[in-house]
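Each chain carries a letter (A, B, C, D, E and F) given by its place in the written order, and its residues are counted from 1.
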Amino acid sequence: MPILSRLLSFADSFTGPRTVHAHCDLPCGVYDPAQARIEAESVKACMEKFNGSDDSVFKSRAVFIKEERADLVKHHLWVLWTDYFKPNHLEAFPQLHDLFWKATKAAGETKKTNDTAVAEDLLAQIAEIDRIFWETKK
Amino acid sequence: MPILSRLLSFADSFTGPRTVHAHCDLPCGVYDPAQARIEAESVKACMEKFNGSDDSVFKSRAVFIKEERADLVKHHLWVLWTDYFKPNHLEAFPQLHDLFWKATKAAGETKKTNDTAVAEDLLAQIAEIDRIFWETKK
Amino acid sequence: MPILSRLLSFADSFTGPRTVHAHCDLPCGVYDPAQARIEAESVKACMEKFNGSDDSVFKSRAVFIKEERADLVKHHLWVLWTDYFKPNHLEAFPQLHDLFWKATKAAGETKKTNDTAVAEDLLAQIAEIDRIFWETKK
Amino acid sequence: MPILSRLLSFADSFTGPRTVHAHCDLPCGVYDPAQARIEAESVKACMEKFNGSDDSVFKSRAVFIKEERADLVKHHLWVLWTDYFKPNHLEAFPQLHDLFWKATKAAGETKKTNDTAVAEDLLAQIAEIDRIFWETKK
Amino acid sequence: MPILSRLLSFADSFTGPRTVHAHCDLPCGVYDPAQARIEAESVKACMEKFNGSDDSVFKSRAVFIKEERADLVKHHLWVLWTDYFKPNHLEAFPQLHDLFWKATKAAGETKKTNDTAVAEDLLAQIAEIDRIFWETKK
Amino acid sequence: MPILSRLLSFADSFTGPRTVHAHCDLPCGVYDPAQARIEAESVKACMEKFNGSDDSVFKSRAVFIKEERADLVKHHLWVLWTDYFKPNHLEAFPQLHDLFWKATKAAGETKKTNDTAVAEDLLAQIAEIDRIFWETKK
């Protein structure tokens, strides 16, 4: 990911005083869908590791580590849904409830399979949430 | 953060097949210093909320939520240090051990104060770790 | 909360033979809104303890214990929403998304106040969720 | 477990107006053996799922999810034993120590087997604890 | 607590070749009352820090960190009681149930006060558990 | 590991009057490498149990319980490294950074194998950390 990385570094050096966005109930106001996305990438990587191995112990480890990572995906998404989004966001994006419900259900589905298409579907839903999130930040 | 956000959105739409980077011991290979940075931003925001309020209950909540967030910063940094970085990275960046030691100590310091300069110092150290991390990804 | 409490108790005594139902992603199929309700009662009790004391240490403990209990309320509700409820339930009870969104937001609100009316409002929303839950079990 | 289940349900419908009671050390005073029972039902359901499947990944997931649920059973029982029960309860019910010791040991046993009889034995012990608990509430 | 501390140290130096023993339900067989003792020392140290400070934020931190440490004491003791001790140990040491009940209650008491005598009492009870534990290891 | 074990025990019996030392960021000042060592012994015991069994469910449990115990080893070591050791300790023991990096990496390695030699290597590194720790306490 060198291009994005370079853009980030570039952007970083110009953002100056950062304003931040919430993931606790203070609320501190620091939210970022990247937290859910990183864990979902991990879920997908666990599936790939599982599929590429024929060591039963390793495969077993991939399964339960994936279980934990998928739980983190659900947690980060739930927090965004309940804590970040406000009634005015829901008016602008009426699909939010359904989008989060399906995305968290998709995270649950990734526990039950090692089909990476299911993880990619989850990532696509998180990308859509990410898109809306940054829309509301404008 | 509209500029970074727009760059990210732009970059996002062109990164195509993402390769991912580890935060478990499978290892799944999905690592990202953004996890530590987001929690550190939250630490700083808790300090600002603490300083801007004169409600003792609210201030008390800001203090213990900050404590939890600082613990998460430490955890994410420790994971990067032990799990992501390899001997060849250490040869290229001999300052890594000291950098992580000081950054995790800085995270500990943020628990003991509400001086945002301490959180900014932590953020600067995480930014340096982030820079090195992406250097090793090239 | 004697009235709501009595109504809840009354409802409890008539739900008839209870079979139990899922709260993991196996899924094991054991779900029960009682988990959220018990933690919400604890939240309310913490408020009462806070209001009835003038010992600052005790009051401080009441605040952060309440914070943890409210987190558990949110967690149990999120699990019900995502894991138990299915598309056919949503058709029969189209208010589900909004109900859970508001109930989990109400749980977040209880962290910010020691006004027991806020906890009672949360309990009333959980009671409504409980009612729908058992409707779907018939 | 239809018989025990029916007995439990029967008991549930007659406990009359429930007041709720403590599970933290504030103490908030909100305790309820239902918390242990729900997790124990989940343990039993995991065993049934394990026994009814011949998918090794699914069976492996059933085993470690059961492990977590059994830990929660132990935790909820320990809290009741230490935090809820007082010396006068012990005088009235001298079997309490042994009952909790055996019940938490039974929860440990459910991790080592997929024999549902072991889970039913655990549920029966929790039912006995539940009975005594509500006796002390009268 | 110099006297108890010295006695504990003295006992430590004579327990001879230590083999280590269980704290999970595998069971792996590795148990050690030192885990509870270390957390209890931390509880006592938090009280001393609380009493020696007049910074309200610091005092508040001491209180909730003590709360967490006391929870760990309870957890380690419960695990020893349920998982390590067997019926034959109970025959040899019939006071075990009561000893653990009172020790875990004492751990709960340390949350409610900053009187170090309460923590010393807890440490004395853990020392007695430690003594019996090593007796059963002979 | 009888030799290492005996050496550790021998060392234990000569450390003289132990004062106890910090594992939170208050800081309470209670630290003890015994916490990491106990979990590492558990890791080794899980491997032995795994190797000595031919029950696939039991072996699977041994693997994921080992995973958790190894995480605790890492956590306790990270806390010691960041929170206990100070710049003057680093001057006296310049190998500290590398020692902790390798020890935590060794803990990660124990998740990936059931070769007890890997656990013994981890225990030897913890013994070295323990030796330095007590040197700094003199």
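Quick note on the criterion: contacts are C-beta pairs under 8 Å (C-beta built on N, C-alpha and C of every residue); 3 or more make two chains touch, one makes a residue touch a chain.
On a predicted model such as this, the values are computed, not experimentally measured, just so you know.
K.L.:
According to the touch definition, list the chains common to the neighbour sets of subunit A and subunit B.
P.N.:
C, F
K.L.:
Which chains are in contact with both subunit E and subunit F?
P.N.:
Common contact partners of subunit E and subunit F, which must touch each of the two, are B, D.
K.L.:
From the C-alpha centres, identify the chain that is farthest from subunit E.
P.N.:
A
K.L.:
From the mean C-alpha coordinate of subunit C to that of subunit D, what's the distance rounded to whole Å?
P.N.:
Inter-chain centre distance comes to 20 Å.
K.L.:
Could you give the separation in Å between the centres of subunit B and subunit D, each centre being the mean of its C-alpha atoms?
P.N.:
41
K.L.:
How many Å are there between the centre of subunit B and the centre of subunit E, using C-alpha atoms for each centre?
P.N.:
Taking the average C-alpha coordinate of subunit B and of subunit E, the gap between them is 35 Å.
K.L.:
Note the residues in subunit F that touch 2 or more other chains, in rising order.
P.N.:
Only 25, 58, 60-61, 64-65, 67, 111-112 qualify.
K.L.:
Strictly by the criterion at the top, what is the full list of touching chain pairs?
P.N.:
Result of the pairwise touch check is A-B, A-C, A-D, A-F, B-C, B-E, B-F, C-D, C-E, D-E, D-F, E-F.
K.L.:
Taking the complex as given, what residues does subunit F use to touch subunit A?
P.N.:
59-60, 63-64, 67, 111-112, 114
K.L.:
Touching residues of subunit D toward subunit C in the complex: what are they?
P.N.:
5-6, 8-10, 12-20, 22-26, 28-30, 32, 34-35, 37-38, 41-42, 45-46, 49, 58, 61-62, 65, 68-69
K.L.:
Given the complex with subunit E, which residues does subunit C contribute to the contact?
P.N.:
Those in contact with subunit E are residues 57-58, 60-61, 64-65.
K.L.:
Can you list the residues on subunit D that touch subunit E in the complex?
P.N.:
The contact residues of subunit D facing subunit E are 25, 27, 67, 70-71, 74, 78, 81-83, 97-98, 101, 104-105, 108, 111-112.
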